[in-house]
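Next come two complexes, and both contain chain A; in the first it sits with chain B, in the second with chain C.
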Partner chain A sequence: MQHRHAARIAALMAAALGMGTLAACSGDDGESTTLNVTLANHVWTDIITEKIPEFEEQSGLDVVVTQLSEDQLVDNYKVKLNAGSADVDVMMYRPLQVGKLFGQNGYFADITDRVSGAGDWDWEDFQAGPVGLTTYEDQVVGVPMITESEMLYYRTDLLEDAGLEVPTTMAELEEAARTIHEENPGTAGIVMRSQASAAVTQLSGFLYSFGGTWLDDQGHSAIASDEAKEAYAYYGRLLHDYGPDQISTDMSWPESAAIFAQGDAGFWIDASSLYENVYDPAKSQVGDQVGFAPFPAGPDGSRPYNVAAWALGINAASQNQDNAWAFIQWATSPDMTLEIQTEGVPSARTSVWENPEGTESFPEDLAAAIAANGENGVGQDRPLVVGVAEAREIVGAPIVAAITGEDSDQAAEQANEQFEAFLESDG
Partner chain B sequence: MSTAQTASAAPAGTGVRPARRRRAPRAKAYSAFRATMIAVVVLVFVVPLLWMVMASFKTNVDIQNTAKTFSFTPILDNYRHVLANDDYLGFVRNSFVVAFLATGISLLLGVPAAYSMSRFNMHKSALVVLLARIIPGVSLLVPWYYVFANLGLVGGYGVLVISHMFILIPISVYIMMSFFDSMPRELEDAALVDGLTPIGAFLRILLRLSVPGMATAAILSFIFSWNNFMFALVLSGANTKTLPVAVFDFVSYASIDWGAIMAATCIMTLPIIVVALLAQKYIVSGLTAGATKG
Partner chain C sequence: MTSTSSDAVPISTRLSRWANQHRKWLFAAPAMAFTAMLICFPVGWTLYLSLTDAKGSVRRPADFIGISNYLRVLTDTDRFWPAVARTGVFTFGALALELVLGMAIALLLWRTFRGQRWVRVSILLPFVATPVAIAMMWRLIFEPNIGFANRVMGWLGLPPQPWLADPGMTLPTLIFVDVWEFTPMVAIILLAGLSTLPDEPDEAARIDGAGLWQRFWYVTLPMLKPVVLVAVLLRAIDALKTFDLLYVTKGQGGGSFHEAETLNIYVYGLSFKYNDFGVASAVLIIFFLMILAVMWLLTFRRKGAKL
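Moving on, here comes the complex of A and B:
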C-alpha cells in the first residue's frame, strides 16, 4: 500500500518535472518580451534603473531588474549559470574577478559581431585596456561601462601645514608620510588596505611602478623577483612605519577609507571610484580638505592600474539575446554614457573623457589625476587567472608579512612557490 | 547586606583585618565570580546589539567616529530612508509570509511524524530525517535551482517555503520526538481506556500537552526561516526577496550606507524579539503545568 503510494508520488513528480522542462523549452520559438537584467548595487545601476521605463517604452519590452551587492551577485551567477539557467539575460559582472572563470565555463555569449556591426554606437570609442579585459580568447564577451584607477588621496591642510608639495615619486611619498606622522601625533602618515586578499589590487600599482609583474611572459609566477620584493617591502614599510598605530591586518577599503575620512591619516591610496567616501561631507569629516593626485612614480615610472571595473555581458544560455543586446546598446550608448558620467561614474568611452561636459562634475584635480592614470595605467589590478580569489590569498600573504614587520622577502619566496604550484594545478 | 560587607571589607588591605565568619569570603568570592561571568556574557551578547541600535540613530560620519560612540545627536534619517524605500515593507511582508508558511507546514507535518517515530520505535528513520539537517545547504542549491527553474517555480513564495521546510522539518521532528519520548505511555493508555481512538488520543491528549515543545520548535523554525539568507539569495525573485537579502541593498560597490543597514537590521530584528517573547510564555506555562506528573 505504502509502496504504491510512493510510486504514484514519484510518477507525479516526474510528470511535473517533464512539464517544467517542456515549458522551459517552449521559449525557443520566439524571443520573450520579458528581459531579465541582473545588476550590481552601484551608482550606475541607480541611474540606469530610473531610466529603464524609457527603454521599455521604446522597445516594447518588459524589463525585470534583479539587483544585488557584489559578493551576492557572484554567488547568484555561480548557481544560476552553473545550472544552465535562462533566467538571466543581461548580466553585469566584474571582468577582472570572474571574466576568465566565466569565459572558460562558457557562460558568456559571443558578441563580437554585434559590437563591431553596431555603427554609430561606435565600439572603437571604448578604451583599449578595458576592452582587453572583456575579450576572452579573441571573442568580445562584454561591454565595459565603468572604469577605475589607483589614486593618491591627500589632505591639503596637513600637507600645507608641513610645507610639503604633493608627492610625485615613491621616495617623496615616503618622506611626506614620515613628516606628517611625526608632526601630527595620533595621525597616521598614510593608510591603505592591509588585509591580504583585499590589498592585492592596491599593491598592483606599486608592483608595476617598481618594474614587477604578477606573471612573467611564460605565465610563471614572478612575485619573487627583486622588483616585486621591493614593492612588497615598500608597501609594508609605509603602513608599518607611518600607518595607523596598532594597525590591524584586516582592513579593506571601507576600513581604510573610514580612517582617512575621520581625518586620521595624511594619505590614502585606493580606487578612484571610491572618492565620494572621503569627499562627500555626508560621509567624511574632511571632505573639503581632500586633494587628488596621480599615482606616484617608482623606478619604472607611474604605473597604476586602470581597469574596467564593471561590464555588461549576455548569458550564453539566454533565449533572449537580441533583446539583451538591444538593452546593452541602449545602456552604453554615447549619450547615455555621457549622462551617467556627469553624475560621477567614470566611463570607458574616450569621447566622453574628451568632452569637457564629461569631466565637469568631478573635482578638477580628480579629473586630471584620472586622465593621467588613464595614460600610464596598466589594464589589470590582480593576477588574471581562473581562481582569482585563491590567487589573491597567495600573492597577498607577503603584504601582511611586510606590514607586520616580518621578513617580506622570505614571505615572497614562499608565496612564489605556492603561486607556481597553484598556476600549474588550477591557474 | 552585601554593600555593607563590601564597605567593611574595603580597609582590609590597610592591615586591620576585621574578624569575619568563615563562610563569608567564599560566598562573596562566589558571588563576585558569578557577577563577573554574567557581566562578561551579557557584554558579549548585548554590546553588538547596543552598537547596532545606537548606530541606527547616527549619521554615517558619526558611526565611524570613535569619539562619538556614546555621545551623539540622534537622528531618524536612517529609518526614514529605509522606510521611504517602498520595497522595504514589501520585503518585511515577504519574510513574514515565508516564515509563517514554512513554520506552520513544517509543524503540521513534523509533529505527527515525530509522534509516530517516537511511539513505534522508528528512531532509525529519524536519522534519515536528520540527514537533511547534516547536508550543507549550499550543496543543495544548484540541483534545487535546476529543478525549480525547470518547474518554473523560482522567484515565487512556494519555492522559498519548500526550501526552508527542508531544514525546518528535521528541527521540529527532533524536538518533538524527544518531547514525546519523555511523555508517559500511561497517558495514552488511560485515554484509550476512556474510549478514545489512538488518533483521538494523539489529537486530544498528547497534542494539548505538547504545546511547550511545539512552541520551542516553532520559535527555532521561525528564527531560522526569518534569518535564512542563502536559499533566499538564489531562489527568491525581485518581488519575493526576503529581509536578509534586502539588507544588502544598502551595500553598494563603492559605498556602504552603514546607518541605513543598521536601521534596516533593527527593523528586521524587532519581529523576532516579539515572536520569541510571545512564544516564551507558552514554554514557561507549559513547563510549570506539570501535566506529566500523572
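Moving on, here comes the complex of A and C:
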C-alpha cells in the first residue's frame, strides 16, 4: 500500500508546482493596475513619492516605488533589463551615463509619438539641450526632469575674514583657496571630488574653460592636448596644495559635500542640484554661511557643464506602457514641475524658469549663478560614448595622478593612448 | 483469459513495485535534479558566454570567438594579474594571521576559568555582525580627516595615517578588518577541535618532562591537524571570495588606482560597469578553476596526512 501513498503525494506535489507556475504567469498578461516605478535617491524622488497617493487616487493604479542609490540603480537595471524582465515599468535614469548604452541595447520604449501628441503637457516647453540627451537615434526615449550645472560654493565668512572677493577666474580661485588654506590651519582651501571616475564630471567644466574637449571633431581622444593637460594639472593642484590635509582619492560628492558641510573647507565645486546638502541647516553646520557663484572663467571663459542629470523612461519590455506614460506625464506636468522646482530641484522646463515663482525659493545668488551657467554651459559633463563607465576610469586617471602630486602630463599621455584604443572598440 | 491475467503481472503493479524498491531515489530525484540544474546551468552559461564576444546586453546577438577571451585575460598584466596577486595577498595574509590569533585565543579559552562563557560569547560578536555594516563602520573609523582611528593615533602621539585612502596601506588595512571579523570563527572551530582531544597524550608528555611549547607543537597540534585543515579550507574559500568588505570600503573598481581590486571586484566591474560579459565570464571560469585547485590541494593533502 505504501507505494500508492507515495504516488498520491507525488501527484499532489506536481499539481501544487503546476499551480504555482500558473499563478506566476497570470500577472504578466496585458496591462496591470500595479505600476512598478524605479527611482534614484534624490530630492526630486523624496518630493514625488510624497505626492504619489494623489496619482494613485486619480488613476486607480497601485504604484510600487523601488528607490535605490545611483550605483545600485544602474546595476539593478542591468540585471533586470538584461534578462528582459517586465517588472520595471517607469525607470529614472541618467541620460549622460547610460543613455547611449541602454538605447543601443534596446532597453527603452520609443515614446516619440506619446510626447508629441500630449497637447497641454507641452513637449516643446522642455529645453533643447536636455531633450537632445534623451533622444536616441531620432527616437525620444526619456523625459528630462532634473538639470544641473557646475557651481562654485563658498563660505561667505571665510572669504570676508580674509578680505577676499568672490573669485571669477581660475587664477583668483587658486589665490583665494591658497589664502584660506594658509590663514585657517586645519581648514582646506577647497574640496572637490577625488575618485578617478567620480571626478570626471567635475573636471569637465575646467577642461572646457581651459579650452579643451574630451573628443576632437573626428571623434578621436583629445585628452592629451595642452589645454587638457593644463586642466588636469590645475584641478589636481587645487586639491593637492590647498585640499584637505589627508587627501583621499576615494571622494565622490557625498564625501566632499560632508567636508564642506562640516565647515572644513572654503570652497566646494560640484553640481548645483546638490546645494541642499550644504545649505539646509539640518544637513550642514555652515548653512548660513554658504554663498553660490557661477563657475570661474578660464582662458576660454566660464564654461561649466549644464546638463540633464536625470530623466524618466519606459522599459521596452514593460507590459504596462500606457500606465507608465500616464505616470511620467503626471510627474513632469508643468504644474508639478513648478511645484518641485520651488522646493529646490532645478527643472528642464523653460516656462518654469521664466516664471518668477519658479526661482523665488532659491537663494538669490544661487538662482543668478544657475542662470549664468545656463548661458555659458556645455551640454555634456563626460565623454559621450557607449561605455561611459569604462571611459570615465580612463580619462579620470590623470586627475588622480595630479591630485597625488604625480606627473599629470605623463598620465594624460598614457590615458590618451588607452582612450584612443577604447574608442576604437567602443560600442 | 484467466490464465494470462494470473501469469503476467499487470504493468501498473510492476511499475509500482519498481517504484517501491527505488523509492529513496525517486523521492530524492526532484531535489537532486533541481540542485544539479542550479549548479550546472549557471556554470554552463558562464562557460558559453566566456567563448563569445557578448557585450552591452546578453540578449544582443554575440559571436562565438573561441578562447580569445581567455588569451586576452591571461596576457593582461594591467588589471588581471595584479588582481590575482591582490587576491592572493589578501587571502594568505588574512588566513595566516587568523590562524595564529585564532589558535592563541582557542588555547586561552580551552582551560576553564570564571566568566568563560561570557568571554566566548563576546569574542564571537564581530563574526555575527552583518558584513556590510562592519565594512561601513570601519570605513568611517578609517576616514583620514574625521575618523576615529586617527584620533586614537593622536592620543598615542603618533602622526595621522591615510589608512584606506593610501594605495599602499589599503590592502593591509583591509586585511586587518578581515582578521578582526573572522578570527573568532577560526577560534571557535579550533576550540571545538581542542575540546574533543583526549587528555592522556598530554599527560604522558607532561610526565615525560615536555615543556609548554613542546607539548603544543608535538602533541596537541598534530592531533588537531584535521580540524586546522577544516578551518583553513573554510576560511580560504571565504577569503578568496570576499566582496562585501572591499566593495563597501573602496567602491567599484577598488579605488582610483584599483588598489583593492581583487578578482571578485574586477569581475564585478567587467560585467556591471563595462558590460563586457564575454571577458567577465572568462575571468570567472579562471577564478573558479583557481578555487577548485586550492580546494583540491587542501583536501588532497589532508588525505595524505591521514595515510
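What we mean here is this: the second predicted complex is superposed on the first by the 395 of 427 C-alpha atoms of A that agree within 3 Å, B and C clash if a C-alpha of one lies under 4 Å from a C-alpha of the other, contacts with A are read in each partner's own complex, and residues count from 1 in each chain.
Operating definition for what follows: a residue touches a chain if its C-beta (ideal position, glycine included) is under 8 Å from a C-beta of that chain, and two chains touch if they have at least 3 such contacts.
Model, not experiment: these values are computed from the prediction.
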{"item": "Which of chain B and chain C A:196 touches, first, second, both or neither", "value": "second"}
{"item": "First (chain B), second (chain C), both or neither touched by A:82", "value": "both"}
{"item": "Contacts of A:371 with chain B and chain C, given as first, second, both or neither", "value": "neither"}
{"item": "A:390 touches, of chain B and chain C: first, second, both or neither?", "value": "second"}
{"item": "Partner chain in contact with A:283 - chain B first, chain C second, else both or neither", "value": "first"}
{"item": "Which of chain B and chain C A:171 touches, first, second, both or neither", "value": "neither"}
{"item": "Which superposed partner A:246 touches (first chain B, second chain C, both, neither)", "value": "second"}
{"item": "Chain B versus chain C as contact partner of A:262, first or second or both or neither", "value": "both"}
{"item": "Contacts of A:316 with chain B and chain C, given as first, second, both or neither", "value": "neither"}
{"item": "Interface residues of chain A shared between complexes with chain B and chain C", "value": "75, 82, 84, 262"}
{"item": "Touching residues on chain A, where the partner in the complex is chain C", "value": "2-4, 6-7, 10, 13, 71, 74-75, 78, 81-82, 84, 101, 104-107, 194-197, 244-250, 259, 262, 264, 386-387, 389-390, 393, 396-397, 400, 427"}
{"item": "Chain B residues touching chain A - in the complex, by the definition given at the top", "value": "59-61, 64-65, 141-142, 145-147, 149-152, 154-155, 233-234, 237-238, 245, 248-249, 251-256"}
{"item": "Parts of chain C lying in touch with chain A, wherever the complex brings them together", "value": "16-17, 19-20, 23, 26-27, 30, 56-60, 143-146, 150, 160, 162, 164-165, 167, 250-253, 255-257, 272-275"}
{"item": "Chain B-touching residues of chain A, taken from the complex the two chains share", "value": "16-17, 19-21, 23-24, 40-43, 64-70, 72, 75-76, 79-80, 82-85, 87, 254, 258, 261-262, 271, 273-274, 276-277, 282-285, 309-310"}
